[in-house]
Amino acid sequence: MGSYLVERSVFIDWISRLARHEKVYFPLPVSKSSFRFSRVRSRSRLALEDFDDPRQAKPFRASACIPPPVRLLAPDNELLFTFRRDSAGDCHPTPVLDHNRRILAGVRPCDLKAIALMDRFQGDGIADPYYLARRGNTLLIGHDCLQPCDEYCFCEAAGSLSWRQGADIFLTPQPQARLLVEPLTDQGAALLADAGFPACSDVQACRARAAARRPTPFARQFKAPLARVMHAVAESWQSPVWERHAGRCFSCGTCNLVCPTCSCFDVRDDFNVEDPDSGRRTRHRDACMLEDFAEVAGGYNFRKSPAARQRHRVMRKFVYLPQRFGGTGFCVGCGRCGRQCTVAIDIFTIATDLLAGAGEAA
Amino acid sequence: MKNRLPRPRIAFFDMAGCEGCQLAILDCEDIFLDLVDLVEIVQFREAMSETAPRYDIAFVEGSIHREIDADRLRDIRARSHRLVALGGCACHGNVQARANDWAPAENLQRVHGADTAHRVQTDGRYWPLWAHTRVRALHEVVEVDYLLRGCPVDRDEFLHLVKRLLAGSRPTFPAQPVCVECRRHGNECVFLQGETCLGQVTRGGCGAVCIGGGYRCDGCRGLLPDANLASHRQLLRERGLDAEAIDQRYRLFLSGEITDREGTDEQ
Amino acid sequence: MILDPSRYVAPGMAGPQGSKPVRGNIYLPVPAQVREVHRENDLVTTFVLEFDDPLVNQEFSFEPGQFMMVSMPHCGEAPISFSSPPGRGGGFALTVRRAGRLTSAMHRLRPGDTIGVRGPYGRPFPMTELAGSSLLFVAGGIGLAPLRSVIDFCLDHRSDYGEITLLYGCRTPADICFADDLERWSRAGVRCLCTVDEADDSWSGRVGLVTELLQDVQVEADSWRALVCGPGIMIHFVLSRLLEMGLPRDHLFTTLERHMKCGVGICGHCFLEEKLICREGPVFSLAELDDTRNL
């Protein structure tokens, strides 16, 4: 598949043109410091990272995109089916699947990895038809990172920095306001076929140039390889670290709800006021840090304390899901949870403390 | 098979409050006519005037300040199958509950000047308004079946409650903080904008409308049962609020609740 | 990367050998009609259900220990274990205790009414592995429901299993479920011992916790297997006692309960440490459970 080397402004024009007849989503600012993947309109101002000026603020940061792009594939308040009760009292459900084609552009490597992990998660054995209907009709345009998002990011340590799998097209900033545009799938190549971008003669050199531009180390690092960190978390059931990080927790669920690999949900039924014999079943993003998440009908709560819930959240990312899905950590190091926790409970710090604890115990 | 659900008789009453919650319900105009089709509204001061002796669901707005209001509430309770506290005043005393922080005579003096203080005991014109000892939420007087929180109530929660009761099942109002809805809606956290907010300790269910509209949460829906107030107070302090400012923030809507709790005041 | 959705059209429950799930969108309930309603006691009712679609009825099969997700409009969904044995054709039984919104609504169902179900889900009791052994069942309250499916399965395949003993404990005599079945099983040679925590005038039987009944049974470590179901705390004490009696951990089985929203491992509600109760469970051998204090 041929790659292209194109001026950034030309590429941005192309995206804007594409958005006229496709549903294109791009991280657009919602405030001075935060972004949201929003539908690109004719007047949207799209900004991509500059190679030559590393001090320039990142145009959009993964950790600052609330919510993560994977939420476009598994939205809140998602309609599962409508139902109708006939005169005999029988209920007839009609599923509502979203097969709309959409393009997510400007997806950072950590979010690409999160989507790849959710592809595995949602397609494992029993597939979630709603996620897969959306995902099956979604194209991803990834965007490389030449500098860390902010002080919360730890994507290199989490093994996400070089992630490209899942992207249909991948963008890498190049000197002189140019962009390396690599199609990674047939669909990506087809989308670029008519763009008229100039071909890139030396893709390897372009990639190497960008890689060399990154600071080393890139963002925060664990004091041991990721595998050791995951092992330390796995062995930490009795650790006092959980209590230490739970004291200030509000159990507000923010860390779950902004996490790109949190996918737990709750289901609700509702009937229509205008016709009580019809209704809908929807699902909503749930959060295991919320007080009532593990409560059963009788009222018993299996994870009553914030520390127990914190432990479950971290274990799910570093231990439980990796065990199920080939060992890859489900924390992608995007830094969203740390950035958005108002009392700065940071999964990186928790993992670091657990690692330190494991070192002492050994 | 439309309307095969029996039409319950619904009534609205108001105690001490601004009647804003009843207005919020009238604001459901897009579905209000469908709703009227499903229920029989027998008493609704804002909308119509009729009276009926017994009610399937009584919505009571406002807090209880006078003993005659308490008696009226007991009477409503006795005639109602289900009693719903409508809005923050009815649920936890809301802004009015601030009055409980001082003796009635002190409040009178504050509002009407020092020379009026003695009249609370002697002047009939000030009775019975100033004779109460405490502003009470409905549940302090009678048994309340459901609480519709908020200042004003949230129309979706109101509809949820009515629909569930119509369907013969229990309405549920999860005790989750406002943050949950902020995150679900993709709002930027108020704290990230450098401001402060009561969302982490406040019951959600409002769709985080205030934050979505560019403001902050002031806690009108009441405290979460397991609110980590010690941590929240510390956070507000770290963000530059002094003890008095913090108390002011908590006491605006939460006076009725916060006094009941240990460890919430500055040690 | 665009996934091919056709590759992912609900493959159904992978795993359990004999069970055949209802196919299609995994979240869509399939209509089933209430054929019979048996009131077990004030709070507990057994429903015998049959799919509306005769083809589904023919195709559908399950195994003891599995569960169905049951839903009613406006009331949501909940997991309910089978209380009847498979292989008897024409429907299945679910036994429900009135606790939440859905189960309260179910108690208003009458024969002929329709509800929505999907499943079967979960890992069943290892009936093949249990063959050749004598079985000790220990149940508390409505915990007898999933074990009823096993006991009747064993009686349907009587020659495959050795002695069968049932220890059944309830809080009060009014909480006893399946009274008719207890008699039927006794007649069929099952040794049934019952106890209640608090007796009343109607009760002439034993009084005390179900763990006390364990004093009356003799189990050989090699030839016996025990299946336990009831409240978490009961499971903990019974399993601890059975370990003391010398039964190895992999001879002890229990079935657990959690909040579930999907039944297929996606909603994330039923994690028990790293295990998903809806997929790796609800049946576990004690060898798979590290700590029984928080069941």
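Note that the chains take the letters A, B and C in the order they are written out, and that residue 1 is the start of every chain.
One rule holds in what follows: a contact is a pair of C-beta atoms (placed from the backbone, for glycine too) under 8 Å apart; a residue touches a chain by one contact, two chains touch by 3 or more.
Because the structure is a prediction, the values reported are computed rather than measured.
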- Note on the structure: Touching subunit A and subunit B alike are C
- Message: Between A-C and B-C, which chain pair is linked by the larger number of C-beta contacts?
- Response: A-C
- Message: Using mean CA coordinates as chain centres, what's the gap between subunit A and subunit B in Å?
- Response: 38
- Query: In angstrom, rounded to a whole number, how far apart do the mean CA points of subunit A and subunit C lie?
  - Reply: 38
- Between subunit B and subunit C, centroid-to-centroid distance (C-alpha), Å: 44
- Query: Going by the touch rule set out above, which residues of subunit A reach two or more other chains?
  - Reply: 85, 270-271
- Query: When you check subunit B against every other chain, which residues touch at least two of them?
  - Reply: 163, 167
- What parts of subunit C, by residue number, touch at least two of the other chains? 74-75
- Parts of subunit B lying in touch with subunit A, wherever the complex brings them together: 1-5, 31, 34-35, 38, 159-160, 163, 166-167, 174-177, 179-180, 182-189, 191-193, 199-201, 224-228, 231-232, 234-235
- Give every residue of subunit C touching subunit B within the complex, in rising order. 74-75, 101, 104-105, 108
- Message: For the complex, give me every residue of subunit A touching subunit C.
- Response: 80-81, 83, 85, 88-93, 95, 119, 121-130, 132-133, 135-140, 165-168, 184-185, 187, 263-271, 279, 281, 283, 286, 288, 293-298, 300, 302, 312, 315-316, 319-320, 323
- Task: Spell out the residues on subunit B that touch subunit C in their complex, using ranges where they run on.
- Result: 163-164, 167-170, 172
- Query: Which residues, counting only subunit C, touch subunit A once they are in their complex?
  - Reply: 1-5, 8-15, 25-29, 31, 52, 71, 73-78, 99-100, 103, 113-114, 116, 232, 257-259, 261-262, 264-269, 271-274, 279, 294
